[in-house]
Amino acid sequence: QAQNKVNLGVAIPAATHSFAAGLVYWANEAKKELEKDPNIKVTIKTASGAPEQANQLQDLVTATKIDSLVILPFESAALTRPVQQVKAKGVYVTVVDRGLTDTSAQDAYVSGDNTAFGKVPAEYLAKALNGKGNIVALRGIPTTIDNERMDAFMSVMKNHPGIKVLDAKHGNWNRDDAFKVMQDFLTRFKEIDAVWAADDDMAFGVLRAIEQAKRKDIKIVFGGAGAKAMVKTLMDGSNPLIQANVSYSPKFLYEAIKMTALARQKGQKLPASTIVPSVLITKENAKDFYFPDSPF
Amino acid sequence: MPPERTDAPAPAATRRWRLPPLGPLLGLLLLCIAGTLLNREFATTDNALNVLTRTAFIGIIAVGMCFVIISGGIDLSVGSMAALIAGVTILLMNKLAPLGWPPAAVVVAGMATAVLLGALFGLAHGLLITRGRIEPFIVTLGTLGIFRAYLTYFADGGALALDNTLADAYGPVYYGSLLGVPIPVWVFALVAIAGALLLKRTAYGRYVQAIGSNEQVARYAAVDVDRTKVLTYTLLGVCVGIATLLYVPRLGSASPTTGLLWELEAIAAVIVGGTALRGGAGSIGGTVVGAILLSVISNILNLTSIISVYLNAAVQGFVIIAVAFMQRRRP
Amino acid sequence: MPPERTDAPAPAATRRWRLPPLGPLLGLLLLCIAGTLLNREFATTDNALNVLTRTAFIGIIAVGMCFVIISGGIDLSVGSMAALIAGVTILLMNKLAPLGWPPAAVVVAGMATAVLLGALFGLAHGLLITRGRIEPFIVTLGTLGIFRAYLTYFADGGALALDNTLADAYGPVYYGSLLGVPIPVWVFALVAIAGALLLKRTAYGRYVQAIGSNEQVARYAAVDVDRTKVLTYTLLGVCVGIATLLYVPRLGSASPTTGLLWELEAIAAVIVGGTALRGGAGSIGGTVVGAILLSVISNILNLTSIISVYLNAAVQGFVIIAVAFMQRRRP
Amino acid sequence: MQVSLRGIVKRFGPVQVLHGVDLAFEPGHVYGLLGENGAGKSTLMKILAGYEAPSEGSLAVNGRTVAFDGPRAAEAQGIVLIHQEFNLAEDLTVAQNIFLGHEPRRGLWLDDAAMRATARRVLDEVGLPQVDPDTRVRELIVAERQLVEIAKALSRQARVLVMDEPTATLTPAETGRLFALVARLKAEGVCIVFISHKLDEVERATETVVVMRDGRVVAQQPTASLTRAQMANLMVGRELADLYPPRPPVPEGAPVLLSVRGLSVPGWAEGVDFEVRAGEVFGFAGLVGAGRTELFEGLLGLRPRRADAVQIAGRALLPRSPREAAEAGLTYLSEDRKGRGLHVRLGLRENLTLMALHRHARPWLRPASEHGALQQAVRDFGIRCGSLEVPAGSLSGGNQQKLALARVLHPEPRVVVLDEPTRGVDIGAKREIYALIRRLADEGRAVVVVSSELMELIGLCHRVAVMRAGRLQATLSAAQLNEQELIAHATGTH
């Protein structure tokens, strides 16, 4: 069978927090593996903002002359047009994680499951608290994904009138901000049963704040995305507050790059949409989500 | 009566003709040579136009920022302001479209709104600084938060996206070209030329320099200091408005991360271009070169993969310092 | 030795005590009243200590920044510098621990490294600014990128975490208290007092003010301008080092988001505290109040939910402008 | 056009500096305004020219009461003030400064060509043919700036021209040219008010003398009816004895404290040699631009320079900075008070002690000790100020000069270089400064006086070096000192 040459570009957000660092790591893993084949070339670009990513797309097309693109858009709406332009130049486009507002601009879509990312912890917490208790939540940086997750979380909580979501504030997917927000939640609310930190970086800050305040009322801190340290804690059972997590592994980028490169090599197409489900991680299945070499 | 100085030890040498700031230009040249060596594609017209087009936003803002800095002020809010203007413009256009306006009319209305809003925000800055007698740094640090918060609020934390039909009607403003040169580059050039004329050839520009050099002297010379300052911040606002009206069709959306750190880039372009932060003197030409220089650095980094992606920012840092070193103040 | 002037008008001995800037203090007071009204928990000792403890980092950096700003300079890199110092310190401690050093020794070594690195980075800034004759804005804009890039590189984009046993040994430096007051608050207080003494009661402090007021005049008055400036940036570096050594035990980790925008917060604390950005005069007391004021705003916002979370930044912006308005320059 | 001031009172906070001044100025007439430092001359003239508003009283032009809301309004009436402290934007060029606020335009655009041409003309008129209108003011020396200020006023078509100590930094030749200009303007019917502490100039150029003391007009008389001594006595309100103190010879065998061999400051001075002994007052004469200031700035390491050998107080040392010079025992008073001499935004205390902080630190600075030093200096130098807590910039010009002088003497230097030490100082204070210089010498210090006032050099110095175009032309001993000789060497017509 004829093997096409593949010149693949990867455009992802820069490693400004752990999850994004995981993306960079997995992109590089995929590059290492694919480039064992001399007919495949992978170019990775990281951007710290939507306009920068749009610039990189231009440069990838004009200068690097890519024929396939895997992109994790910095922002869905903002990158729709730039990606359209890339596709118009005949490049095969796989979009990862954050869907474009106009799906005709992509050839394939591989994503995590943001709804489940909010729903799974909601359902878990509702069950663990027996439908009764006080929850505080920390949100990420104001973005569409953050909204999706929050909405999913709240829609589940609507069915559990016994559970009160006391407040939700932005911890910006950042340990320091989460620490401060949690400190103030602890000052403000004397009875908290569980915390939904919506990201393991934030969960980390939350744990430190709880530890410092020596509060015993909190039973569960639910992070998210399955960071290596948290999964390890879960596996070892070393912190009673950490009982479960929800997967949202940056590894899907690795899969997406590999799938795209290999399909292009064979001249095949990818399925229009592939959703990598977000599933509950507990002590039992934790080892399947533990990647000790990844920075995330 | 001043003594004839035929026998004087060549004092004329101390009054050399002042050339436009050569440091940044030299830096740009060296960078371009490096770029060409690293990737053949660098020196193509396509790439050059790409770089110029994307420089347009920061470049246009930097032209306005140059005036503010020469006048001895600063504006930290331009990034947030651009984001809020983009958001409001998009909201407005999306509201107008269903009313049956033709898309072109909606787009024109949107563009006018962008400029108008920019002027209004700039005016507010100017009034707070002159009438309110608050340091520009504080005023614009405050509005930096305020503008972005309101955008986040309007966007409900997510993104505001332009309707598709409108996006198509608006697209050519960014993606179109005239005589082979993209529209944003034309606009950038026009703004830069207008800025240079305004600075060097009008009384207003002269007053801006006088105020930055010595506000008291300007006041004594019956320069209307407050009015000039208000005008300067308004001018920057208008520049931000123009940059935004070019930005909206490019990405067709605004979100809480839009325009993040543009203020730093714009200020950096001005300073790298040889204008002193303390005000009094500066040049639009240098500012334009500074803005282009900054985007060329990241363009070259995009075109090559010789160093770890993590170190991109370090390379930019080293280049900025090196360029500044080349044009450092004489002792 | 000078001639007697018995008939000279006796100088009026109106040595009024100069009051610390009242604007920020008043602002802080009003905020505290508002906070107490909005949430009873605000006025508790626990909350006050929480707020003071988290103010410590920015506060300590702001004390150093105050010197730099009074001297007429600026440092944009402090946040990145803190992040890089935290990262390097953690790496070093993790390397030392397996060599069989006792945890306490490793921690002390780490702390010393933090201060030393800060001093080194500050020294580098000072030398580039004085010997290299580059604008402080540019030098530190450059190192802002460089420091963060290297941290990201060392951390491989992720987080660098302190080994668990070390974290336990180091923890008390942040979480411990002395006489019921957390260690960071003590350190903050000590740094502030030392800073105030240095500024008001030593020749060095006087030189800093003289340089910021008019560098040329200071040079003619036999002030060693270059040395004083280098010292000032080094001092700020040391402050960043101290802030970092308190920061590391808090989360036991450093990541590319560590210290993000601290420069803006530190500069804002200084300016809100009544020091003018153009240099020449300022006060450590005001800076401390400014730093506390800024963290009280976000504390109050966290303790209440009267307005949309999206608008938090707007509230901060309005408060900053309002405080500045209260202490605005006389006409 | 006749201008009159009626019952002008001015207060700065609690301090009243003008106590009801009544004056009238007639067209085509030249007035000399005299008064001690801080008498209120500048303040009164600022009120006349619209820079300050009077606290009480009013102004009238041709009998009609007017109120100026700013200098612009006064200029519209033809009243123009040349400031005592320079009022130029350093980053702008000479031409740009001359027309600041009055730029001629062609349509939308500035008419730069016209500005340059007019600037050229007025610069020639005031005697600055060598200055290009496109030079930035930052690069001008003090005397040139003063002439640019005058040129600026000339370009404004004044009917009433107030000159606040225009000659303080000028040498006799420039002053002569200025007076020719004054005569021409007077003939054109312009009213001129001339403030100066140089009584010979007042005698030469004015028709009426107005004397102020402590914020009041105490005399107004035809110049011809007064001798210089009478003017001086009116100013200070008491009899002034001899201006110059007696000059005992330098003791035999006094050590050389400053010795300079082959000092060159490229572009300014070439191969200058001189030595100054302990107890000696050594003068430097020359025209503006002779390079005296730059020579000493070079000596202090403030400009690129080279030298064959320099000894300061017995140590071989070519200082790299004023700091090193001060440590070796040499301090320098700059001729540019505002730009190099004083921190106008800092307080008096901070200014006074800056060069010798070690004297007040043990190890902490002791404000009480500094304050004591300030009170001492205020008494010793006769600095007049309402309060000791004001910024230095709010002192009158002459009092700023006294403070600057006090500052360079505070470290108790072995060698002191005073560049135009009596610039803007009133006659009473001048006498005290002369006595002080004398005393410094008597204490065994070496004193270098750079001055454009030849009389001062003649009355004070043991020896005077004359510079011309960067070279040492001659060194004259006390016996040879007279005006003709000095001018001849300075202009190269010897």
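We just call them A, B, C and D in the order they show up, numbering each chain from 1.
Definition applied: a contact is a pair of C-beta atoms (placed from the backbone, for glycine too) under 8 Å apart; a residue touches a chain by one contact, two chains touch by 3 or more.
Note that the coordinates shown come from a computational prediction; the quantities given were computed from them, not determined experimentally.
Engineer: Count the C-beta pairs in contact for C-D and for A-C, then report the pair with the higher count.
Structural biologist: Of C-D and A-C, it is C-D that has more C-beta pairs in contact.
Engineer: Could you tell me the distance, in whole angstrom, between the mean C-alpha positions of subunit A and subunit D?
Structural biologist: 72
Engineer: Between subunit B and subunit D, what is the separation of their C-alpha centroids in Å?
Structural biologist: 44
Engineer: Need the CA-centroid distance for the pair subunit A / subunit C, whole Å please.
Structural biologist: Roughly 34 Å, centre to centre.
Engineer: By the touch rule stated above, which residues of subunit A touch at least two different other chains?
Structural biologist: 15, 24, 142
Engineer: Quick one: which residues in subunit B touch 2 or more of the other chains?
Structural biologist: 152, 156-157, 310, 312, 331
Engineer: Could you say which residues in subunit D touch two or more other chains, in rising order?
Structural biologist: Not one residue in subunit D touches at least two other chains.
Engineer: Please categorise the chain-chain contact pattern as a line, ring, star, complete graph or other.
Structural biologist: Shape = other; not a path, cycle, star or full graph.
Engineer: Between which chains is there touch?
Structural biologist: Per the contact definition above, the touching pairs are A-B, A-C, B-C, B-D, C-D.
Engineer: Across the complex, what residues on subunit D touch subunit B?
Structural biologist: 51, 70-72, 75, 83, 87-92, 96, 100-103, 105, 108-110, 112, 127-130, 132, 135, 139, 173-174, 176-177, 266-270, 287-290, 304, 468-470, 491-492
Engineer: List the residues on subunit C that touch subunit A in their complex, please.
Structural biologist: Interface residues on subunit C, with respect to subunit A: 39, 41, 44, 46-47, 50, 54, 152, 155-159, 161, 175, 250-251, 253, 255-258, 260, 298-299, 302-303, 305, 309-310, 312.
Engineer: If you look only at subunit D, which of its residues touch subunit C in the complex?
Structural biologist: It is residues 302, 321-323, 325-326, 331-332, 334, 339-346, 350, 353-355, 357-358, 361, 363-365, 371, 375, 377-389, 406-407, 409, 411, 432, 435-436, 439-440, 443 of subunit D that touch subunit C.
Engineer: Flag every residue of subunit C that touches subunit D in the complex, lowest number first.
Structural biologist: On the subunit C side, the touching residues are 1-5, 8-9, 11-16, 18, 197, 200-203, 205-207, 209-210, 213-214, 216-224, 280-281.
Engineer: Tell me, which parts of subunit A touch subunit C in their complex?
Structural biologist: By the definition above, subunit A touches subunit C via 15-18, 20-22, 24-25, 139, 142, 167-170, 173-176, 179-181, 183-185, 187-188, 201, 204-205, 208, 211-212, 229, 294-296.
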